[in-house]
Amino acid sequence: MTDLNKNYQLICGLEVHAELKTKSKMFCGCKNDPFNAPKPNIYTCPVCLGMPGALPVPNKKAIEWTIKLGLALNCKINLFSKFDRKHYFYPDLPKGYQISQYDIPFCYEGYLDTSEGRVGITRIHLEEDTGKLLHKTIDGKKVSLVDFNRGGVPLVEVVTEPDIKTATQAAEYGRKLRDIIRYLDIGNCDMQEGGMRLEANLSLSEDGSLPDYKVELKNINSFKFMEQAIAFEIKRQTKLLNTSKTPIQETRGWDTKKQQSFSQRTKETAEDYRYFPDPDIPPFQFTKEQIEEWRKELPMLPEQIINEWKAKFNVEKRYSKLLISNHQATSLLELVFIAAPKNNIIPNDIAKEIVNKNIKFNKNLDSEKIINSYQKLHQTDSIDLDVLKQAIDEILTANSDAITKYKNGKTQVIGFLLGQVAQKLQQKLDMRQVRSELIKALKN
Amino acid sequence: MLNKLTLKQTIDQLDNKKITLEDIWADVLNAIKNQNDKLNVYLALNKNFKPQLNKPLKGLPIAVKDNFCTKGLITTASSLLLKDFMPQFESTVTQKLKDAGGEIVGKTNMDAWAHGSSTETSQYGRTLNPRNLEHLPGGSSGGSAAAVAADMCIASLGSETAGSVRQPAAWCGVVGLKPTYGRTSRYGVVAMASSTDSPGPITKTVEDAAILLNHISGPDPLNATSTKKESPDFTQSLDKSIKNLKIGIIYHNLPGLEKIWELFEPQLEVFKKLGAQVELANAMDPKHAIGVYTVVQRSEVSSNLARFDDVRYQYGRDTFGNEAKKRIMLGTHTLSKGYADQYYNLAQQVRTLLIKDYEKLFKKYDVLISLTSPGFAKKIGASEGEAMFGELEDKLVEVSSLSGMPGISIPCYRDEKTNLYLGMNIMAPMWREDLVIQMADAFEKNTHWNSWRNND
Amino acid sequence: MKQKIDKTLVKHIAQLAQIPISVQEEKTLADNFSETLRVVDELQQVNTEGVELTHQVTGLKNITREDEINEKNMFTQQQALANASRAHNGFFVVERVIDVE
């Protein structure tokens, strides 16, 4: 008997690749800016083109940034590490192997907390990106065009444990990871530019144990689509399992028009990458002191800052979340929040105006300018009290039914009356003052 | 016949204005014109040169093995896949050569992709041994060694993965120096085994080798495994007494080498006469070196040749010759899932043992000496059909290549009937090319085997 | 573990290494490899317990380069394509590949 109503647990892990925004490529001094290159194959050299005798020399900054990312994600750092060659043939892989890390990645055993629980991070390693293929038909023949501007760009790969329990958690994890990478200012994570790539490995389990199959979701370029794809897969795999069928172990993509996943390629045999340590690159030996130095250099991360701003300045979390886009912006905002009370301004009020784009804010301004913008915005003309009282009288006379409504408890009529007064006087008024005078008048 | 002069002689005589650079080039090009068709030494020629008398190498004609990428000169590594390949960049070593005033007179034939010890696997025909045309010049730098032996250049550059500089030098009766791994940059040299490849000079005399090494060695930021230290002046090791230096003679009792040993052993007497202490010593059986080298080299070869396809190059992987196919495929197997442990990983462990063995010997001896090759140059056709010709021929030099230690081969015996030579291999610890040069120079100047010191 | 080097294994290796071989070559290569691996297998006699692997002989560690653009070493588009079998509008050209990995 098949049970059509059985529920399964999602066992899901994510693999995220993010391009690092170093100036030069991972193993050579070519410019690292593939998305903005005006022409194909102009940021190349013997090394990243796989020319005879060309040799890789690792980018110091890329390594430092990878380790810092690991520290930001609570990882342990391997004091001894190395690069390995990963062999496979594909036109966008010039050397016939990718320089990557196999058994001793720079970072391992970390975690990232989400609102739906902790996601363990198995490892973070550094590797080089491949070139790009463009499919075209030329003279009636189907060809692929290859551009190596992207070949050799440093790529950091973050792999999670299969700890993800829901589609929404997957999306939240992805967004948080992106924010941290942007926050550290090591990558732009622009999905449209290929600066961040998502892959999910998922299967369904009855009892929480690791199933004997897994489906790989690939080539999905937004968190929203990832969430939809995973949700769809849960349904699809549930249906199969409930009719005693095991889902095929395969790679699937997401068709956003049809709102369904589709089979891309069946992995018959696992690839044989023939990993071995790259003989061209001496290994790495870090010291505990060096790792601590790097840890000290880490900026405070988004989660910590949001909490601190609530505690110290009483700025609402929903505003903080939107305000912290990068490290320099945060430092500046801190200064603004410290300066605000000295100018009789509530920090949360400034936060609100910046979020609503009522005051200009960019990291090139200083805190003084921002305070001034706020003051300008909230500048009120001082008004003669008699003139105000007079205006209020006139409005109340013209709106006697409003007085009646107010006396009957319909206090929301105040808003209407305030507007009328403001319109009459055509001045920037301190509305608190107007309100208190109006209420005085109504009470009489 | 100015082409018969050594590098040192031409430099000195140019300085003394006894000869002109133009005349040297004319004689060298003439020798090439007369002999290249028969010997097949050069695959590409360059007749243009600039006099650079203010630079150390004066604009002299130097032959370069065809696995060095040279801008403006086609570079094939004697393979069909790289037929017509025009490098758009220069190898570090040839750039240094040019910066010192050396001019490349041509690119020399080699075993295709450096896979071999005969130059017979070249996809452009074999090179003949100038000492005896029925015999092979050795390999893989056979063309460079032959160019020197035939005075078709003043000096040459080769490269050694295990034996590829020393063995052809031995078979052609010339001098071949394999520096310490990392002394000379590998950047721009078609890679064979990344962990042992070493560019090195092949020359007429030990002095010439020391001069060339001075100009081609040193740190290279483009090669992460290259030395970080500037090199000493290697010519300071010439004409130095070897009194009281301790010499260990190894590989003296190998089965099958008895006849050759009888010719070689008497040559060691001169060291004793010069005051050095000479002693027989025992190293690990070289049969293990063959296994280690075969696996490590072929594994790295399979990886290094993975970049060659007809996307970025003109020709495809179907153009690989038999030897390259064998090596790539075996190397792929020894790295593959389920086999890497019993082959690649095991080989790298035995490599450690071989290195430790030599390190132990060097605690006792200043240098180690052995035959370079288990015999004289073999006859044409000897390598055909063999499963592992190269690796077997190089068994006596494989450990010093796997360990990165420097070694030189110098002529130490000539058979009067065949005109073929035996080479003596002198090895020292890492970074001690000075000892190697000192010892080799002493032998050369106190014996009559070098044909340029004795006008043979 | 002594491995039987037969034509099936040779075909698999040729696929893995992207080396086209003919049916005749399958047999010769199988014999060839068997002979070579017989020599290599002698390594099994060596006691390597506790012995570390030597991957590099330099002893060097932590060799890196600064994150700077090296204009001198960069190719122009023309240089990049100079030795390609086929080029089109600045791209390398290859027969259409099915999307793999």
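For clarity, chains are labelled A, B and C in written order, and residue numbers in each chain start from 1.
Here is the rule we use: contacts are C-beta pairs under 8 Å (C-beta built on N, C-alpha and C of every residue); 3 or more make two chains touch, one makes a residue touch a chain.
A quick note: this is a predicted structure, and the numbers were derived from the prediction, not measured.
Visitor: Could you work out which chain's C-alpha centre is the most distant one from the centre of chain B?
Guide: Of all the other chains, the one whose centre lies farthest from chain B is A.
Visitor: Central chain, going by Cα centroids?
Guide: Looking at where each chain's C-alpha mean falls, the closest to the middle is C.
Visitor: A-C versus A-B: which has more C-beta pairs touching?
Guide: Per the contact counts, A-C leads.
Visitor: Would you mind pulling out the distance in Å between where the CA atoms of chain B average out and where those of chain C do?
Guide: Here the centre of chain C sits 24 Å away from the centre of chain B.
Visitor: In angstrom, rounded to a whole number, how far apart do the mean CA points of chain A and chain B lie?
Guide: The separation of the two C-alpha centroids amounts to 56 Å.
Visitor: How far is the middle of chain A from the middle of chain C, if each middle is the mean of its Cα atoms, in Å?
Guide: 38
Visitor: Hey, what residues on chain C touch two or more of the other chains?
Guide: Those would be 16, 18, 55-56, 58, 60, 63, 65, 73, 75, 80, 92-94.
Visitor: In chain A, which residues are in touch with two or more of the other chains?
Guide: Only 45-46, 49, 57-58, 89, 91, 96, 146, 272, 274, 276, 279, 281-282 qualify.
Visitor: Taking each residue of chain B in turn, which ones touch at least two of the other chains?
Guide: 85, 88-89, 195, 221-222, 224-225, 302, 306, 309, 311-312, 332, 336
Visitor: Touching chain A in the complex: which residues of chain C?
Guide: Residues of chain C touching chain A: 16, 18, 55-56, 58, 60-71, 73-77, 80-81, 88-97, 99-101.
Visitor: Of all residues in chain B, which touch chain A in the complex?
Guide: Touching chain A: residues 67-69, 75, 77, 82, 85, 87-89, 91, 186-191, 193-195, 221-225, 299-300, 302-303, 305-309, 311-312, 332, 335-337, 340, 344 of chain B.
Visitor: In the complex, go through chain C and note every residue touching chain B.
Guide: Interface residues on chain C, with respect to chain B: 1, 3, 9-10, 13-14, 16-21, 25, 29, 31-33, 35-37, 39-44, 46, 48, 51-58, 60, 63, 65, 73, 75, 79-80, 82-85, 92-94.
Visitor: Note which residues of chain A are touching chain C in the complex, please.
Guide: Per the stated touch rule, the residues are 22-24, 28-31, 39-47, 49, 57-63, 88-91, 96, 133-135, 138, 141-148, 264-265, 271-272, 274, 276-277, 279, 281-286.
Visitor: Which chain A residues qualify as touching chain B in the complex?
Guide: 45-46, 49-58, 85, 87, 89, 91, 94-97, 146, 272, 274, 276, 279-282
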